[in-house]
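The chains carry the letters A, B and C, assigned in the order they are written, with residues numbered from 1 in each.
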Amino acid sequence: MPVAGNVALGRDVAIKYPDLVNLYGCVIGDETSIGPFVEIQCNSVIGRRCKIGSHSFICEGVVIEDGVMVAHGVMFTNDRYPRATRPDGRLRAMGDWQLERTFVRRGASIGSNVTILCGLTIGAGALVAAGSVVVQDVPEHAVVAGNPARIIGDVRDRLQQEAVA
Amino acid sequence: MPVAGNVALGRDVAIKYPDLVNLYGCVIGDETSIGPFVEIQCNSVIGRRCKIGSHSFICEGVVIEDGVMVAHGVMFTNDRYPRATRPDGRLRAMGDWQLERTFVRRGASIGSNVTILCGLTIGAGALVAAGSVVVQDVPEHAVVAGNPARIIGDVRDRLQQEAVA
Amino acid sequence: MPVAGNVALGRDVAIKYPDLVNLYGCVIGDETSIGPFVEIQCNSVIGRRCKIGSHSFICEGVVIEDGVMVAHGVMFTNDRYPRATRPDGRLRAMGDWQLERTFVRRGASIGSNVTILCGLTIGAGALVAAGSVVVQDVPEHAVVAGNPARIIGDVRDRLQQEAVA
């Protein structure tokens, strides 16, 4: 049962294949759609009218506001120094590491195969180009690309519709 | 039922786990194999004797010719400026954005975790190195690598078998 | 049945959703956990107390020692010149290509969306930053990042716990 009972699903959430996702302990806003092969972990929040594309991973501690596009194969992170085990060789558990939260502000878009390091904020309306690796905050309306992602433009110069929005 | 009834499946197509893919409205050529956790959207065409590796995403508007290798975690795209919503805040739908098609020509290979921006052509026999982000057309037989992907060689200098093919 | 009968599963291996993975012909060590949407191929070995995150792909020929973190969307490779077909146009099969093995040594961590080219060794305790593309060996305890991945530091300078481990 890969949509756990503890998911707070909004109205008209579209999950075409509930057996091909893994959602637990998260909040999903109204009219948001979620593709197949998506994992959304506990203590994450997805806003209203978002699109979460196939193969994306949204981890604990991520907050996504309304109207955000997360394309396909997008990986969020929450641990700056990931380790399987503690120095004594035992498996790491909660309390052995520090979660860093990430925020994606209203109307931003994250392209396919993007990687987002932890503790960052993607500004409102920003556009992260496909394949980028985001290692610092992205300003509002910025277009960023590359590894590491750098600002290459402003969304409002490219999308006439944004200028009038 | 994640292989939809409207998929045009060729002869001897190998899909080992039909419950772990999501295929709809596409054409799959004879003797092509498709791994698990693959999504292939409507209005895309896969040729004969292709291999589509696990975790790959082939979106609407992609045309893949015969004998193409798509490795694992490969993401195609079709929307230069992805957005979840229209400027009025309602969900974007067909007609609110412009699809750009991508072509992968005969015998090309796309390495694992590659991202391919939209509106491009990958030339016949070309090799896109694993992890690359393709932002412009790739010439025939070229080897490209990096983010953005740049030409680093010619397949025919590396693969003796290609020189005699 | 996507955990094949020929998998050598250790004691207390945690696979929360056995129907959402594809494991066959591999060895999985004690107390290792495996997330959803993971494929682990034959003739690969995973050590004890490893964590294999969702969406990762571990191919034939990969050897992962004890206490290794493989985060989410990590792609290993084993074929330097991937091709779908032979020069005569028929599908490639075993014997038509040369497998190159990869080793991940004890206690290393591989970040999310990392791509690892074949024939390489990731040294003990090393940390590969999220989104990196690894094209050469990674020394013990090194921190590497970028595409191609380059050394940006030493884990022991960053993780106090490592210094005393």
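Going forward, contacts are C-beta pairs under 8 Å (C-beta built on N, C-alpha and C of every residue); 3 or more make two chains touch, one makes a residue touch a chain.
From a predicted model like this one, the values you see are computed outputs, not experimental measurements.
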Given that chain A and chain B are copies of one sequence and touch, is their interface built from the same residue numbers on both sides (over half shared) or different ones? different
Cα superposition of chain B onto its copy chain C, rotation angle rounded to the nearest 5 degrees, comes out at 120
Which whole number of Å gives the spacing of the CA centres of chain A and chain B? 23
I need the residues of chain C touching at least two other chains; which ones are they? 20, 37, 55, 73, 113, 147
Within their complex, state which residues of chain B touch chain A. 2, 19-20, 22, 37, 39, 55, 57, 59, 73, 75-77, 81-91, 113, 115, 117, 133, 147-148
Spell out the residues on chain C that touch chain A in their complex, using ranges where they run on. 17, 20, 31, 35-37, 49-51, 53-55, 67-69, 71-73, 107, 109, 111-113, 127, 129-132, 146-147, 155, 158-159, 161-162, 164-165
